[in-house]
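In what comes next, subunit A is part of two complexes: it sits with subunit B in the first one and with subunit C in the second one.
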Partner chain A sequence: MTAPLLDVTDLKTWFATSRGELKAVDGVSFSLAQGEVLGLVGESGSGKSITGFSIIGLIDEPGRIVSGSVQLEGRELVGLPAHELRAIRGKTISMVFQDPMMTLNPVLTIGTQIRLALEAHEKVSVEEARKRAIDALAQVRITEPDKKVDYYPHQFSGGMRQRVAIAIALLHRPKLIICDEPTTALDVSVQAEILAEMKELVARLGTALIWISHDLATVASLADRVAVMRRGEIVEMGSALDVLTRPQHEYTKALLDALPSRAKPGQLLLRGSGVTDASPPGRRQSTASLPPLGAPYLVIEGVSKHYQKSHGLIESLAIKAGWAEQEPVVRAVDGISLTLRRGEVLGVVGESGSGKSTLGRMAAGIFPPTSGTVRLNGKPVMSEGPRPSKITTSVQTIFQDPFASLNGRMRIGDIIAEGPIAHGLVSRAEAGDYVAQWLSAVGLDPGFARRFPHQFSGGQRQRIAIARALAMQPDVVVCDEPVASLDVSIQAQIINLLIRLRRELDLSLLFISHDLSVVRHLCDRVVIMYRGKIVEEGEAAEIYANPQHDYTKRLLAAVPVLPQAAE
Partner chain B sequence: MLVFLLQRLWQALIVVLAMSALVFCGVYAVGNPIDVLISPDATQDIRAAVIAKYGLDLPLWQQYLVFLRRLIGGDFGQSFVYNMPVSQLILSRLPATLELTLAAVLFASLVGIPIGVYAGYRPNSIVSRAIMAVSILGFSVPTFWFGLMLIMVFAVQCGCMPAGGRGSTVSLFGVEFSFLTLDGLQHMLLPALNLALFKFSLMIRLARAGTRELMLSDTVKFARAAGLSEFTVLSRHVLRLISIPLVTVFGLELGSTLAFAVVTETIFSWPGLGKLIIDSITSLDRPVMVAYLMLVALLFIVINLVVDLTYAVLDPRLRKGRG
Partner chain C sequence: MREDNLFGEFLREFSRNRVAAFAAVVVGLIVLLAILAPLVAPQDPYDIANLVLRDARRAPGYVGTGGYVHWLGTDSQGRDLLSAILYGLRISLQMGVIAGGVAFVIGAVVGCAAAYIGGRFESIVMRIVDLQLSFPAILLAFVIAALLGQGRYQLIMALIFAQYAYFARTAHGAASAERQKDYVEAALSIPLSHWRVVLRHILPNALPPLIVVGTVQVASAIALEATLSFLGVGLPPTEPSLGMLIANGFQYLLSGRYWISIYPGVALILFIVSLNLVGDQIRDQLNPRLRR
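Let's look at the complex of A and B:
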């Protein structure tokens, strides 16, 4: 047997904080052969990214490698002087990061950035660097590379940017590439392309790969071996098929059970349950005036949202004179009609830029449509006139990012009580009890009401956001990617919470998501959006089993699938 | 691009017009220049003749219209005090202020930015802490006091530097400049240093804050992961990315220094625009005041335009007509 390419033994990377040492990586050992693909899986805070950065020697203060060794072809990397490490970085080991929007420098052309990376390890002339850059772009299947080399990053789409990042990582034919969640920020169809290309490149060039991801399914489609990390340790490691179909460790099993794709639609997810939450407080208004369950409730008719830049005097004149061109109208949502029946969960699925969030915001009365109507139970959601405002409290929204959607300077009790007090649902005196009831209904300690948002984790914040939306006692809740930024186990808890609350409160949900498996699990009916239009609509089971539109077919085919155990 | 420039020109025209009206009315509301211009014992006839000569007997709006008509022809009127065309007067003083200001702002940027980048790159080192302490001092010490201290130490105690004036000048394109002679440079050093202190501290802090933030960004991490040297990371990536706020402040500071270098020019008796405007305010020399304030407005407009155009050069995302 040949010596392994990379040998990591008992690696410990700790961060000194004011509350003692944070053991981000705590005794990780693994080895990697030439050309092998290792998937490193874990939830946020498991230390998987820090492991990657430790190998490449890029741990920022106050972190440091406390002990352990990282050997690359028998050479110890830990404790190597900075300039020797630099000589290895990019040359023998390179790295690709999560967000291609953030990694490339927006003010330098792609060609310049590739040249800088080339110059880091060899002497090249400007012309030669340009030629090499074009070749590198061609290798990652960027069309017209001789033109694109002079582009700036903002002229590329997310997937193309990630391809450029991969091209830079491959420049010096490294023996090992560390990919830190490289497809997480991308749409499924783009992710599928990148995964396929990566697989092919790695096989052709014989590069070893460490693929860091929170997503078991993408790892499964790529890796030879999988290591599952939790709290800085590897809890289970083995061949990809073994780990994913016959998990030994409790934590791996829990991760797999939390995936909606492995559960029956509509049922509580296995690992997300467990906590028995209190019932939500009763409704203040009678529901007698509402239509029966199953009747059309929120009716969206011919709704469009167009964006156009407004012109000043000179600009308008110039356009008339033909000196300047009218900027094209952006049709974010283009003539959509759909009906949400009372008590159902309607999934709106689409990739980024499809207009699904814009649709959700118009449905929730956050901004008015350019044309068309949104009516709840026959009454408009927004007032008429030049400056429409929302005139109902029956539609509420849960937003994607629970870090941005909660005001960091307000106590969560005040955050939840603000709306109900303003609309007279509860008096100031009752508010405390009301908030406590909602906090326990979403599975949080009622005592948390005095705390601030930053004291909570992402999952807890999303619970707070749900409590805030539901405390307004809405009939319709627009959920805009409510679980997209959460770890799978937290995601399972939130999905279960939504399933439960919806049953108990007879809520109707407009569930906007890019994640097909979550939508499949939660929704009764599904609409598929593409470039501002609905391309397909139907019962969830029907669409997933028998997609009609080409786009739906492509979308479904792009979803990475977990290997199923033969039972 | 053409449309953008036209738009800016149009805006500039409106601003200048509004500014002229404001300044004209404002300046004409204070004092009576006639009292300053002619001796109190002049006869009533002479008085009336002078008032008529300067057009001061007309109602304000007519005076303004006359002023505007002359302005279109490029004539700012005659200075009451110097009895020469205002434009000529200002042009003769402008080079002194221009060279002093440019020296100060360039020094502040060329020295301040690298120091700031270093302080942001190694935020915890002793040198960085010392740099930050100096910059706080630079913010809080009043300009006039620092100027007086400079004169005290270098001119009075050591005697190695001149205390004021421009020194010997050399004519270039028909304009007198100090920076071309050694003596002139010596005269310029202290006032330029005095003028630069605040800007210097500002540039340090801005560059430091930008660098600190960027050092943690994925762009820098990715560049490091590709094996780029720290110097390349700083000079090619960080410097380019922090340049936009720096250019903004550079432009603002350049404008305000050109316009309001008054304190420094007075302390070092530097014969620039600042001294001219102070003199003309005390002697109620209205045409000079109006012309000067309009020049300031124009300066800011031009500097802002240049800054905006520089943005487009620095950041491709701001260019119109994405390729």
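Let's look at the complex of A and C:
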């Protein structure tokens, strides 16, 4: 047996904080053979990224490698002087980061950046560098590489930028590439392409790969071996198939159970399903006047949202005189009609730029459509006139990013109580009790009301955001990617919370998501959006089993799937 | 972490910059002296009964008819300069804080409203602000002060008019950025009234840059007031601010009686520079981009 390419033994990377040492990586050991692909999986804060950074020697103060060794082909990397590490970094080991917009320099062309990367480790002439840059781009399947080499990063899409980052990582034929969540920021279809290409490249070039991800399914499609990390330690490691089909450790089992793709649609997910939360407070208004369950409720008719850059006086004159061209109209949402029945969950699926969030905001009355109507139970959601404003409280919204959707300068209690007090649902005196009831209904300590949002984790913040929306006692909730920025286990808890509260409150949900497995799990019916239009609509089970439109088929095929245990 | 802890952290970081900490102490001291002027000043410079012509234009250290030392000398009417400076600071500070404060409120409301309402209202209001900012503040203030005539309220009006535009532009920039954020959409989705969205959600989050502009603008209002008073379009001679004191001593500068002009000037510079240093440090601390 040959010596391993990389040998990590008992690696400990700690961070000095004001509250003592934070043991980000705490005794990690693994080895990697030439050409092997290792998937490093864990939730946020598990230390998986720090493990990657430690190997390549990119740990900044206040972090430091406390003990352990990282040996690359028998050579110790821990404690190596900075200039020697620099000679290895990018040449023998290279790295691909999550956000290619952050790692590419916006003011240099792709060609120049590739030349700089080449010059870091060898002497090349400008012409030769250009030629090699074109070859490198061709290798990651960028079309017309001889033209694209002169583009700037902003002229590329997210997927193309990530391809460029991979091309740069491959320049010096490294023996090891560390990829830190390289497809997390990308759409499923782009992710699928990159995964396939990466797999092929690694096999062809014989490069070893450490693929760091929170997503078990993407890792499963790529890795030979999988290591599951939690709290700075590897809790389970083995062949990908073994770990994902016959998990030994409780944590791995819990992670897998939290995935909606492994549960029956509509059921509570296993992780956290045992947690019982208090019931939400009763409704203040009777629901007798509402239509029966199943009747059309939120009706969206011929809705469009067009954006056009507004012109100043001089610009408008120039356009009239023919000296300047009218900016093209962006049709974010283009003539959509759909009906949400009372009590159902309607999924709106699409990739970024499909207009699904814009549709959701119009449905929620946050801004008016350019044309078309949104009516709830026959009444318009927004007022008429030149400056429409929302006139119903029956539609509420839950946003994607719980860090952005809560006002950081207000206390939790005020955030939840503000709307109900303003609309007379509760009096100022009752507000404290009302908030406490809602906090316990979403599984939080009622004592949290006095705190500020920055004191909470993402999952807790999303619970607060749900409490804020539901405290308005809506009939319809527009959920805009409510679990997209959360870890799987937290995601499972939030999904369970939504399922439970929907049942107890007879809510109708418009559930917007890019994640097909979450939509499959939660939704009764699904519409698929592509470039501002609906391309397919139907019962969820029907669409997933038998997609009609090409785009739907491509989308479903792109979803990475977990290997199923042979039973 | 609680709110007061954050404030404590702010103070700790502030005091790490020694220059700024020193400047803050100077500002605090000057403000205290100005407020307590009637108690600490050796003389009431407004009381004509106190003024003795024999004591006029005496050099620092002269012991006057009143029996006490004139540490900074006396002016052309026999006023004790130290007292005059303390009383002058009081007036200057009042003008600066009132004008700066009102300009802050007007500018914040105009800027936030423009950012929130958008459309034609925004373009018209912000173009007016831009137009105003393209003139030097001193010129605008001078014209308004000359038009309105001498007097405390006239001068405050002139200062507000010259300064609100800075606040409006800053507030507009900050509020436009906040306007786009999810929490504002969340507030609109409830829906909360427009007033509430602006006052409870957008304004508090747009406040930090305004506070920075505020400290700098108070300093600049004081300087403006001194300049206008020096030029004779500011406060009437019955309310001698620092600018007036400097102007009064100007004619004696070449005859060697430097103190009548120089000491009020030094007081003015000390105060304005300190206030600016404090403002700079607050800006550095509130700007996450400059954080190390």
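One rule holds for everything that comes next: the second predicted complex is superposed on the first by the 567 of 567 C-alpha atoms of A that agree within 3 Å, B and C clash if a C-alpha of one lies under 4 Å from a C-alpha of the other, contacts with A are read in each partner's own complex, and residues count from 1 in each chain.
The rule is short, and it goes like this: a residue touches a chain if its C-beta (ideal position, glycine included) is under 8 Å from a C-beta of that chain, and two chains touch if they have at least 3 such contacts.
It should be emphasised that the depicted structure is a prediction, and the values quoted were computed from it without experimental measurement.
Look at A:A404: by the touch rule set out above, it reaches subunit C but stays clear of subunit B.
Once the two complexes are overlaid on the shared chain, A:Q455 sits against subunit C while remaining clear of subunit B. Touch counts on subunit A: comparing subunit C and subunit B, the chain ahead is B. In the superposition on chain A, A:R468 contacts subunit C only, with no contact to subunit B.
When the shared chain is aligned, no partner comes close enough to touch A:Y307: not subunit B, not subunit C. Within the superposed three-chain model, A:K390 lies in touch with subunit C and out of touch with subunit B [touch as defined at top].
312 are the residues of subunit A that lie in the contact sets of both subunit B and subunit C, per the superposition on chain A. The residues of subunit A lying in touch with subunit B in their complex are 56, 58, 60-61, 86-91, 94-95, 97-99, 102-109, 116-117, 119-121, 151-152, 154-155, 165, 168-169, 171-172, 312-315, 318, 323-324.
Chain contact summary for the complex, subunit C toward subunit A: residues 1, 3, 123, 181-183, 185-194, 196, 200-201, 204-205. Across the complex, subunit C is touched by residues 312, 361, 364-366, 389-391, 393, 395-397, 399-401, 404-410, 418-419, 422-423, 452, 454-455, 465, 468-469, 472, 478 of subunit A. Contact residues on subunit B toward subunit A in their complex (touch as defined above): 2-3, 6-7, 10, 124, 216-219, 221-229, 232, 236-237, 240-241, 314-317, 322-323.
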